[in-house]
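One structure is given below, encoded as structure tokens.
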Amino acid sequence: MQDFEPKIVAFVCNWCTYAGADLTGTSRTKYAANVKIIRFPCTGRIDFMILMKAFENGADGIIVSGCHPNDCHYSTGNFHARRRWIVFRNLMNFTGIDTERILFSWVSAAEGFKWADVVNNTVAKIREMGPYENYNKIAVSTLLKEEVSNHE
Amino acid sequence: MNELINKVTKLLNDKTIDAFIGYGQGSTDRVRAIFARTVEQASKLIYTPACTFNLSGYLLKHEVKHLGKLGILANVAALRSIMQLASEFQIKDGEVYILFVNDDASLTEFSDFQSIEAFLEKANIDITPDEKARIEKIEAMSVSERWEFWNKEFEKCIKCYACRAACPMCYCHRCTTDVNQPQWIPVASHERGNLDYHLMRAMHLAGRCINCGECANACPMDIPLNLLTYQLIDPIKTGFGATAGMKADAVYALSTFKPDDKENFII
Amino acid sequence: MSASHDQHHPMTLSGELRMDTGVIINKCYQCGKCSAGCPLSSEMDYPPSLVMRMLQTDDPKNYDKLLKSMTIWLCVSCEMCLTRCPMEIDIPRLMDNLRQKSVRAKKTNPQAKKIIAFHKSFLDSINYTGRLYEMGMVVDYKMRTGAMTQDVMIAPKMFVKGKLNPIPEIIKGRKKIAEIFNRVQNNKEVKL
Amino acid sequence: MSRIGVFVCHCGENISATVNCEKVAQISKELKGVEFSTDYKYMCSDPGQTMLKEAIKEHKLDGVVVAACSPRMHEPTFRKACSEAGLNPYLCEMSNIREHCSWVHPKDDLTTEKAEDLVRVMVEKVKKNKALNSIKVPVTKTALVIGGGVAGIQAALDIANCGHKVVMVEKQPSIGGHMSQLSETFPTLDCSQCILTPRMVEIAQHPNITLYTYAEVEKVDGFIGNFKITVRKKSKSLDEHLCTGCGLCTTKCPQKKIPNEFERGLGFRPAIYVPFPQAVPNKPVIDRENCTYYIKGKCKVCEIVCPTKAIRFDQEDELVEIEAGAIVLATGFDVLKSDFFPEYGYGKYKDVIDGLQFERLASASGPTMGEIRRPSDGQIPKKIVFVACAGSRDPAKGIEYCSKICCMYTAKHAMLYKHKVHDGTPYVFYMDIRAGGKMYEEFVRRAIVEDETQYIRGRVSTIYEKNGKLIVKGADTLMGAEPVEIEADMVVLATAGVANHGAEALAQTVHVSYDAYKFFAEAHPKLKPVETNTAGIFLAGACQAPKDIPESVAAASGAAVKVAALFSNDELTREPLIAVVNRQAPPVFSSCVGCFLCQSVCPYQAIEREEIKNRNGEVIKTLAKVNEGLCQGCGTCVALCRTKAIDIHGYSNQQVYTEVMALLND
Amino acid sequence: MKIGFYPGCSMKGGAREYQESVVALAKVFDIELVEIPDWNCCGATAAHNLNKELSLSLPARIMALAEKEGITDIVVPCAACYNRLSVTKHELAEDASLCSKVTGIIDLKYSGKTNILNIIQFIDKYITDKLEEKVVKPFNYNTACYYGCLLVRPHAILNFDRVEDPQSMDVLVKKSGGNAIDWAFKTECCGAGMSVSRTDTVARLSGDILKDASDRKAEVMVVACPMCHSNLDMRRPEINKYLDEKISMPVLYISQVLGLAVGLDAKTLGLNRHMTEVILPDKPVKNAEPAEVSKKVANPEKMEA
């Protein structure tokens, strides 16, 4: 557990959080290297299924982030996203997926420092929580079954 | 029952409809759906306390649609299905002849969507106390207990897709489970694929599920699938003010928003 | 955010006032609408907008002037300033705070003696009986100020009209009230 | 098998100081499908780009990943370079190893590993990229200008003079806007109507301009280059072709006591009226709400006296369809209505008026023929108080902004007053004087020095009437906030400039966004000041924020240039990163089931219905279809679609799925 | 329903007639007012001038006592007390930690759910509907409704009537058959708590108020606050000295005006207790010439928009 390096995927929108993360870079604010960003045009584009895929493939934590309400480049994408997150989070909670491992945030293009905070806090939190054993377990048992079926 | 048969017979005779979807006696004790196209077939229609399942799922089936103008015996769940399908442009007003059996065994005909909407406003559309209790029981569990609970349930799934076939809202020609580029949902029935499948189904039904329970009824492995979507009914109602299957021109809860939608988890 | 900000700049005057009252001094852009509407600004040594300006300077000398001013005691909390302030600055609340600080720092303006004496007599009356005993309070006030002859002319008339209650109304929970006074005094506020 | 090229940029030392670029290039070479890999000091430099182009040709690359700075910075650069080397630009992707990696992490193995991960993700993504062609949309070379004030007039004339057709729609019976109400203009004091009316006439006579007055935009469909607009021409109860504008009807109309809007209620007009003598068009309209015939069913005096029999009592509103390639919004502003200042008695005391009313009093053609006389009793005020910032810069009243024009027009008012009432005293209560502009500060100084205006720095608290005088209670903050009381004969409030009544509704009709104050929002506050967020719709004048005349005119000309630039091509080219509904062979046609739940999530109304018909013309399926001209590529519909029937180029399901897979499975 | 009643100290002393008239008026409309048992002083200006916690604790105790009795509405006729109670309720609702501190000090349970009604709100809620039918003796005098400070300010907390040129009392006077005049000093300050300590200031401020009303032909002034009343009524000798003019206009409480209109006698309403003698000549016909100014009063609804 000592040298556990959490794998964290960040799903962010191009206009606010991606640009905010660019600003974190330009201002040379340091943050943990565990987070890797996947760029979307808008939070409205972020499909809940892609979040499931991330956990399934070994992500220990997820960050989803976009423009603050009213600031969406496409004016309303983030509002739609927010509704979906509310529902999806409910469902995750009900099915025992650990919602503590998925962080939703609004980070604007001007909030370079906030982005560094979001990343660092998430990494620290996930590091403390440890690897996402539950999900990993079913991933492993699935792999085994797949192998068996391949051999057959 | 005679009133129903007489009515359907009349409808068939004067060509108001070409076929009527109703309940009939199955080969065993079970009640099944029958599609009456002739007066003779109409005479087999029954309506007993066992006739509870939602027939509306048949309305969009290719084979059934081909029968011509349809009539249907609808219960509350079926009426809500029809409203929801209407809001999704799958059924047009006046396209289906709808009959409803009242508590006193008399028949009500719904001439248009408006009358259904008015009826549903007064109807009991809640999930049963038993279902509610089961949801509460799950909600009372810890996160990992919930995870274990559902894992055990999903482990049983054999991916027969009976739930999908039974659901009146699952009318897509090509379900995402059948998409292979990318392969969102693994084909084999193992924990991962099963979890993916059931979460996806629940999300796709969030705000659309009209709690008829056909998914769980259809499941040969007795997975309480209905609870997944039932559990979302309340948050969608209280959070967004939306209930599925109440109005033919409703806007889908997840296709709209309010600028001040409340949440407490986005930082 | 603001907390860490305060840590970096320990207790500027405006910071302290903001902590105590929530009023942000620098919101004032000196339009003067408060001074224009204040019923007492003509009698004040510093009209309300000038008070705001003096606080904005963050200069202890100006602060001291305010604690010693008549302004804070002339303010009758009529709230006209707040009502018309385009920035919705709660000057009355600020005035309350300055008065309390002035008393605590023992800097009250000598000319305000009567006003403060009145307030103290008023509170004493409540402390002892739970309610305001007007006659007792006035006597107490006269003792404090020495204004023995003030209003002696109207007292008999008031008495006749039934407006002066010769016997104080003492409430059952008088002890409770005394406890309240005790507790708030222990809470580092103004000694009453 | 793909042939992908990976180019790792050092960015001088910006990247290489913490990331081992050589190693990243080396490892990338091992990836499946990577044909070529290298690292270079400055990929964006000319030699760097040349190297990229040569590698594409030499290694026959079918995909490129540039690992460098943020794609928000140089994606267009490298895509262009690829295109120049013959590779479809959309087969080029960037890995952000500078802003998201080298600049934010220390120099260690983890940082280099992260860079490798980021490159791998893009290599996998680019394998799923598709060659895309930019979208061409035809352009209708007609502009719609909404609003016929000075901004609209300028924009329309500029566009028309470029040789394009213009349709101008004005709500009022005449064009001219607020400027036609002004007496004289700062800082030159030239007569407003003298400079404006020739332009108004030009509009009416220009061969490229069609003018609809007394008309409003009812509906806007379509998109840049191809708008379809429905305009409602309200009935004027008049055959304009027959009317000669002789004006006989207006003099004979028995209704004479209707408050005149143009005179801001300071004068009266008949029910059939021309708003002002220089109106364009100079033909009357019947105000049906106040016309005796429409109220009581008889009168028809105008019809009887009309020499050309042009009155049409039964005329109905007419709907006109317009096709336009661009829209200019020039709907102007409004001033705050009464009731906003209960403490100033505005709307309660007749002699408390607003700046526009004062303009009418000062105007030679106004209700007093240019004499300053107070409305209550017609006396000439000897003491007049001007209150600046009446509502502006007042968050408590909901207007935080500075209305910008009031300092100048208040100085002008004081000056005009003093020029007309030599023995009078003008007072101005102000907070700050904002006179930035050519000859502006000098103008204000003149009002103070030469015309002896008493400027008092302080805001007025209250105004009340006492014995026929208006008591103005203020404070002089330069005199220790000493209270000041002036017994004035008349008070002029420089009321805040606010968004036009109905601006919000129009914004929704036209589909442009607006700010918290309901002014129309520009696409970028600095670099796109006349554009809106909706392509093809531009802003001119004070509908965007309070503006004075020169600024409105400048913005209008700016908007006109944008329209002219748009019209300079027959077709528009757009980025193809938009949503698309899949199509399949019959009888399926598409996996879209036509639930149209995507329709209401689209912020651009880009999702249309497409009906698939059989040979007999019967509809057999209804599908969603994305309008290429309208879609801006947010992808909100994609995430909502249950059947994955909608996908989006550049961020397709395949692409994002692959990215996640590649990121997590090294 | 039990309607709680908080008279406050002045109504037990200097403003006895206010209490008498409120109680008498309530009785006419069959309303039972229940005095909050063992209530204490609200602390008035003195408390918030000198000690913030005290200024919140005293009103909090009153509301807590009311809650204990199961009272949901408290009528607080004194504008000053109404203001203190409302402000306290607001501040404690806004700041949870302050609230727990204050409940600690008063050592009582406090939920902050009680409604605080000023005299006009009370009348509007329970009486206004039935008022006009009960009017037997229209109060047909030119009446200046004086609202003062504490009834309408701070608007953000009290949210009562319009903060400039309020109308609620004018409406009541009109419904009682009176002619509410339009005037400029409706919400100017009368000098408030400085009656004793700065009598000169009070004379100036109250004098200006009376003068404007008198200039505009008011025959009577109506108030809803004992403090305003004592300044305008009791300080009349000082006021007349300041104005160098004798103004004999009586100052009535709104409850007295309504009381007279519904036929209560002067004694029951305590009119005899006023220092400035209440002389109201009988005027059988409604004033033929309603003051012209009142027509100009803008529509209050419009004003809010």
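Chains here go by letter, A, B, C, D and E, matching the order in which they are written, and residues are numbered from 1 within each.
Just so it is clear, a residue touches a chain if its C-beta (ideal position, glycine included) is under 8 Å from a C-beta of that chain, and two chains touch if they have at least 3 such contacts.
Everything numeric here is computed off the predicted structure, so don't read it as measured data.
K.L.:
If each step moves to a chain the current one touches, what is the fewest number of steps from subunit B to subunit C?
P.N.:
2
K.L.:
Under the document's definition of touching, what chains do subunit B and subunit D have as common neighbours?
P.N.:
A
K.L.:
Going by the contact definition above, tell me which chain pair has the most C-beta pairs touching.
P.N.:
Counting C-beta pairs in contact per chain pair, the top pair is C-E.
K.L.:
I'd like the most central chain, judged by C-alpha centroids against the all-protein C-alpha centroid.
P.N.:
Here the chain at the core of the arrangement is D.
K.L.:
Between subunit C and subunit D, what distance separates the C-alpha centroids? Give it in angstrom.
P.N.:
Result: the chain centres lie 51 Å from each other.
K.L.:
Centroid from C-alpha atoms only, then distance subunit A to subunit C, rounded to Å. What do you get?
P.N.:
Centres of subunit A and subunit C (C-alpha means) sit 55 Å apart.
K.L.:
Rounded to a whole Å, what is the gap between the Cα centroids of subunit A and subunit D?
P.N.:
For subunit A versus subunit D, the centre distance works out to 37 Å.
K.L.:
So, what's the distance in Å between the C-alpha centres of subunit E and subunit C?
P.N.:
For subunit C versus subunit E, the centre distance works out to 23 Å.
K.L.:
Where in subunit A do residues touch two or more other chains at once?
P.N.:
As it turns out, subunit A has residues touching two or more other chains at 48, 53, 76, 80, 84.
K.L.:
Residues of subunit D touching 2+ other chains?
P.N.:
Correct list: 343, 601, 640, 653, 657.
K.L.:
Which positions in subunit B touch two or more other chains at once?
P.N.:
176, 184, 254-256
K.L.:
Which of the chains are touching one another, listed as pairs?
P.N.:
By the stated definition, chains touch in these pairs: A-B, A-D, B-D, C-D, C-E, D-E.
K.L.:
Inside the complex, what are the residues of subunit B that reach subunit A?
P.N.:
Listed in rising order, the residues of subunit B that touch subunit A are 138-139, 141, 143-151, 176, 184, 186, 188, 190-193, 195-196, 198-200, 202-203, 206-207, 228, 231-232, 235-236, 239-240, 253-259, 261, 263, 265-267.
K.L.:
Within their complex, state which residues of subunit D touch subunit B.
P.N.:
588, 591, 593-601, 622, 640, 642-644, 653-654, 657-658
K.L.:
In their shared complex, at which residues does subunit C touch subunit D?
P.N.:
29-38, 41-42, 46-50, 80, 84-88
K.L.:
Across the complex, what residues on subunit E touch subunit C?
P.N.:
Contact set of subunit E toward subunit C: 9-10, 12-16, 38-41, 43-55, 57-58, 61, 104-107, 149-150, 153-156, 163-164, 187-189, 191-194, 196-199, 201, 205, 234, 272-275.
K.L.:
Would you pull the subunit E residues touching subunit D in the complex into a rising list?
P.N.:
Interface residues on subunit E, with respect to subunit D: 162-165, 184-185, 212, 215, 296-298, 302-303, 305.
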